[in-house]
Amino acid sequence: MKLTVVLPVITDAFTEEVRREVAAWAAPGTEIDVRRIARGTASIESEYDEALAAPGILDAVREAERDGADAVFVSCFGDPGVHAAREIVDIPVVGGFEPAVLTSLALGERTGVITVLPNVLPMLHGLVRRYGLTERVGPIRVVDIPVLDLDPGERLLDGLAEQARAAVAAREADVVVLGCTGMLGVAAALQERLAKDGAYVPVVDPTGAAVMWLESQVRLGVRASRTTYMPPRAKDRVG
Amino acid sequence: MKLTVVLPVITDAFTEEVRREVAAWAAPGTEIDVRRIARGTASIESEYDEALAAPGILDAVREAERDGADAVFVSCFGDPGVHAAREIVDIPVVGGFEPAVLTSLALGERTGVITVLPNVLPMLHGLVRRYGLTERVGPIRVVDIPVLDLDPGERLLDGLAEQARAAVAAREADVVVLGCTGMLGVAAALQERLAKDGAYVPVVDPTGAAVMWLESQVRLGVRASRTTYMPPRAKDRVG
Amino acid sequence: MKLTVVLPVITDAFTEEVRREVAAWAAPGTEIDVRRIARGTASIESEYDEALAAPGILDAVREAERDGADAVFVSCFGDPGVHAAREIVDIPVVGGFEPAVLTSLALGERTGVITVLPNVLPMLHGLVRRYGLTERVGPIRVVDIPVLDLDPGERLLDGLAEQARAAVAAREADVVVLGCTGMLGVAAALQERLAKDGAYVPVVDPTGAAVMWLESQVRLGVRASRTTYMPPRAKDRVG
Amino acid sequence: MKLTVVLPVITDAFTEEVRREVAAWAAPGTEIDVRRIARGTASIESEYDEALAAPGILDAVREAERDGADAVFVSCFGDPGVHAAREIVDIPVVGGFEPAVLTSLALGERTGVITVLPNVLPMLHGLVRRYGLTERVGPIRVVDIPVLDLDPGERLLDGLAEQARAAVAAREADVVVLGCTGMLGVAAALQERLAKDGAYVPVVDPTGAAVMWLESQVRLGVRASRTTYMPPRAKDRVG
Amino acid sequence: MKLTVVLPVITDAFTEEVRREVAAWAAPGTEIDVRRIARGTASIESEYDEALAAPGILDAVREAERDGADAVFVSCFGDPGVHAAREIVDIPVVGGFEPAVLTSLALGERTGVITVLPNVLPMLHGLVRRYGLTERVGPIRVVDIPVLDLDPGERLLDGLAEQARAAVAAREADVVVLGCTGMLGVAAALQERLAKDGAYVPVVDPTGAAVMWLESQVRLGVRASRTTYMPPRAKDRVG
Amino acid sequence: MKLTVVLPVITDAFTEEVRREVAAWAAPGTEIDVRRIARGTASIESEYDEALAAPGILDAVREAERDGADAVFVSCFGDPGVHAAREIVDIPVVGGFEPAVLTSLALGERTGVITVLPNVLPMLHGLVRRYGLTERVGPIRVVDIPVLDLDPGERLLDGLAEQARAAVAAREADVVVLGCTGMLGVAAALQERLAKDGAYVPVVDPTGAAVMWLESQVRLGVRASRTTYMPPRAKDRVG
């Protein structure tokens, strides 16, 4: 199958790293295509950034379908443009939140998400309510590092470990979900660190979860329902 | 006070009618300014339409603030771009959903929203969950008339009355909220029709509710919280 | 319009102060009438006090309607007698809770109410559940000052600021609602104090919110639904 | 133990019948005292009636405690004055709703309440939300018979059976709770009728449930918590 | 009436103590029969233990009915096998959770359960959600003492008092429920200790609550609904 | 990877068919092992059947781990023994409910489950509440065919199509989940039938969903959290 990753940012700074990560998670037969958007922002850290990026994401998703993609991963934890995209294409589309959080729900009683900045907390708490998951997802925490400063080094890992330990100790979390798709390549190391503290606590990488979610949808022969995601009616539109 | 109405569509077809309606609801001292957006769609009837309209809405809200507006009404029931707009300006901003539905909650036990097309139901049900109001807002109903075909005539009124009566009979609704800001000038007539059937059931016009909501916020001296709506960080953005 | 304020207490200690405050919040055309009740208690700080005050409140609301009031504000945060009053008159009636808390919901993600004494917490938490708002209203806090000792001085302001800061720091509140209509004239000062700490957090004054809520209901042409608030059947009643 | 039944009405029309019913449900050692209230209404069928009856109920509960009662049953399904009463006495007090509905929750998945008139539906739905039981209690139904016209004859039984069958068929109810303490002496007959239709469905009589609930509280050595029901502070009160 | 207590463990270590406790709670006319199970575990402290004990519990419940029991108490707080048992017998069956927690709901706003070990927390939180009681039951706490080390001495009482005080101070609990039926004979002493700290907080003993719950069901003439608990269909079964 | 399927029944009637189905869904590298249980029932259609089957399921899961399985699918929609199994092994274990329902949540707004018999409805509704998913999963429906009479023929397909159409028409479902793992090989045909009616509605096969869920967990390097699923303490156990 052909999987297109839409990087919802206007720079190529992450393209190669994302391609490597996605390729590492993908099944042998999966062909990877990574494309950034033409209009939008350098990173997504607010509802404002999401709104500016959405039209570019929709362009990219439509192009991906035209170019033969079997599924599209919009690589951002806030699921920007994802529901709109499902209205306009006939292939599976996911962002980072749904696959990671839904995967986490079968791994433990409560899910603790750790994201980048306080700016995105209301947006993510809004998604928890929109998706009807308030009984299972605890308060969301932050490492307080902007997206563009994330890199898979010690600072990020230390911040994640500190928040994860605090969440587990407060019984807010039995499973940890990395709440930014820019937190690449740290899930396994974080899981190892937490296990050293005592009980094993799984850590879900949103990129890995999304890749497998889409592969599974394609193999299951399912895509988004047309009673939820109806095709938009024809009308004048100026992009 | 100066109230700016942002019409989130790319045509001027509604501008005059909206200006008249808003003026009719506004308090004596309120100055009205209506402006449409430059980029977007002819009407908003899907998450796709919302996503395309959002950047233009944000431009218009920012310009409104620069031009001295005291408050902004984004005239669409789905609250498109509203949360993002609160991040970037220091004046009150509302769409159609919040003022109308919150107003309705003090008028009766259950609120029944009647909107245009099935296409927007998941979006509106998503708002009900996002706003944490599922215990009070019943299933949303439709008249099955596109936005561009709405006019304050008998067809609309008949459709609304039919749905409202069915909702009341099924105990889904004690209060009716018109679920599209394009349903102009019919609230009073619908309320009268329903009262003829038996019990008095209030009908909330989203334009009227929004105008008064904003006037009240200005008089109360409040605007959106900066712990929920943090100002976006500086970064590269391409609109 | 003519707005009647029912002070649900048996003394005239607050009458003038309330009249001044209400007049300050009201629109130019609004005529204010303040009346206390004949039977009840000196202040409302328990379910017991509410129960004793309710018959007097109902008498006063009915008299207000007979005397030509267009709307009635029962000036107590616990909404005592309000739902019963809606059954017996044909004009809008609100207490303090609904207008203030519903107003707050469009200002931020979570609402933090600060009230007088622990005695009223179960009553107010009961209202939060009755109104179906548990997903949006955080734990309620107290300044631990009886109603009769409230005055717009430093002790009250210090207590409110301390509780508000703690609520914001604990992410329990993005908006503050003053949880007693006796906390007169301190909302703006509290808002200013909080803003000095960092992020802007709106503070909602329940008297101001109620006045504007009623003015809006009158201008919108709506009052309480008769499918929720049915007129009581005729029968023997001994007051 | 000595059990006082407070009949929250101003006539003696039901006193003897209630005494007989309560005696029939009570344990051998339980001494029964039935007293009506001095101020209030002829029956309780609205929030207005509840508000008028509450001060009289509180008087009666306090007198019952002074006269040596070990527990008090306020014989009305809407729990009028019950929470206020718990603040002022040191003995168990219940109304009809809590014992009957909580008893029903261990008998089946969903509880269907059948009450007298549509007038009380919002009040009872409000209790369901206040008590946090919306996931277990289905929509409440009515036989549409005023309290004063209830008698344990065929009209009542037919109405109850019709509503109960409809609720069971719609999967709204696995257990039936009689939603008025005036529906005396019909629970067993209704249960028998339903069982003839097919599956056994238990019917909970609110008087019986309340009597046993209070006997159990006395034997368990518990009464209402003083962190929820704090004693009202001393102050001027005019009844 | 004849009440059978099923001790869901494979030793006789508790049999006599349980018999004494149950007899102390039971009404004069109640005849007590205590029987342990043949297959299962020495104590129940995990979902694994529950699963191993369930077939033995079902055998014992069926035998109890055959031997003329009027009601069965499965003496374990996690309600193991209880729902399955209701499918196969025609008499009331309860475990420890339902009677104690439902009893607590009419005693205060929030219920705090204190159980033995962290191992059973997810199981008990799962029951809270399954029973639809998340709005009323606070986070569950542990004394961190295994079931087999429980005895009504100071260590247990100290642990319970410490957790109960912390829960009350954090406003998590207005009522305390002992979350293990092995915590025998300490409820009254704990209640006394807490009252010395300040406000009266009731403590519910799950054995006492269960005994009275079953006596009440028998006297009310109700048992589990057959629309929830349908009789299992005939088929091959190997125990 | 090596995937063990535990068929929680005591006959070999389904073994070959399940092996074929699982193999068809599995990824190329996945090795399949199907084993039935020694003690239990011929099919699972009640809480009673679940309870009898659980010890045998736990034996089989432990043996699977000892025999080198990387993951275990307990092939029953009610997740029998699954949570207990996670306590005793260090490999991923799922039943039918979690993978299928969680997969469905990213495909549409509301999920409609269709299962075999009314007997299992309370059990499945109990799982919906236990898993905290009541806001997303509609009322569950039945085809009224016992498990042992299921076969991938017209009767099953007709029953499923009838229920699915009714659920979609009533807006209860945007996605259909087959609510019994014995409904083998019909998902694609049902999806096709529904699409002919109008809008595309995805149908999730629980066996396919479970196979891919486990493959994904293994590839993501995660298994059940040890803070939710703590290893049972050593003690006497008699199976």
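For reference, chains read A, B, C, D, E and F in written order, and residue numbers begin at 1 within each chain.
The rule we apply is simple: a residue touches a chain if its C-beta (ideal position, glycine included) is under 8 Å from a C-beta of that chain, and two chains touch if they have at least 3 such contacts.
Everything quoted here is computed from the prediction, not taken from an experiment.
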Legend entry - Set of chains whose contacts include both chain C and chain B: A, D
Legend entry - Most widely separated chain from chain C, with each centre as the mean of CA atoms: F
Legend entry - Rounded Å distance, chain B centre to chain F centre (Cα mean): 43
Legend entry - Centre distance in Å when chain A and chain B are each reduced to the mean of their C-alpha atoms: 30
Legend entry - CA centroid of chain B to CA centroid of chain E, Å: 52
Inset, instruction - Would you give the residues of chain D that are in contact with at least 2 other chains, written as numbers and ranges? - result: 109, 122, 126, 129, 131-132, 134-135, 171, 174, 228-230
Inset, instruction - Mind listing each pair of touching chains for me? - result: A-B, A-C, A-E, A-F, B-C, B-D, B-F, C-D, C-E, D-E, D-F, E-F
Inset, instruction - Over in the complex, which chain E residues touch chain A? Could you list them? - result: 121-122, 125-126, 129, 134, 139
Inset, instruction - Using the touch rule from the top, collect the residues of chain C that touch chain B in their complex. - result: 25, 27-28, 94, 98-99, 102-103, 105-110, 131-136, 168, 174-175, 187-188, 191, 199-205, 208-209, 212-213, 215-217, 219-230
Legend entry - Touching residues on chain A, where the partner in the complex is chain E: 109, 135, 171, 174
Inset, instruction - Could you please specify the touching residues of chain E with respect to chain F in the complex? - result: 10-11, 38-43, 45-52, 54-55, 58, 81, 83-84, 87-88, 117-119, 122-123, 126-127, 129-132, 146, 148, 228-230, 232-233, 235-239
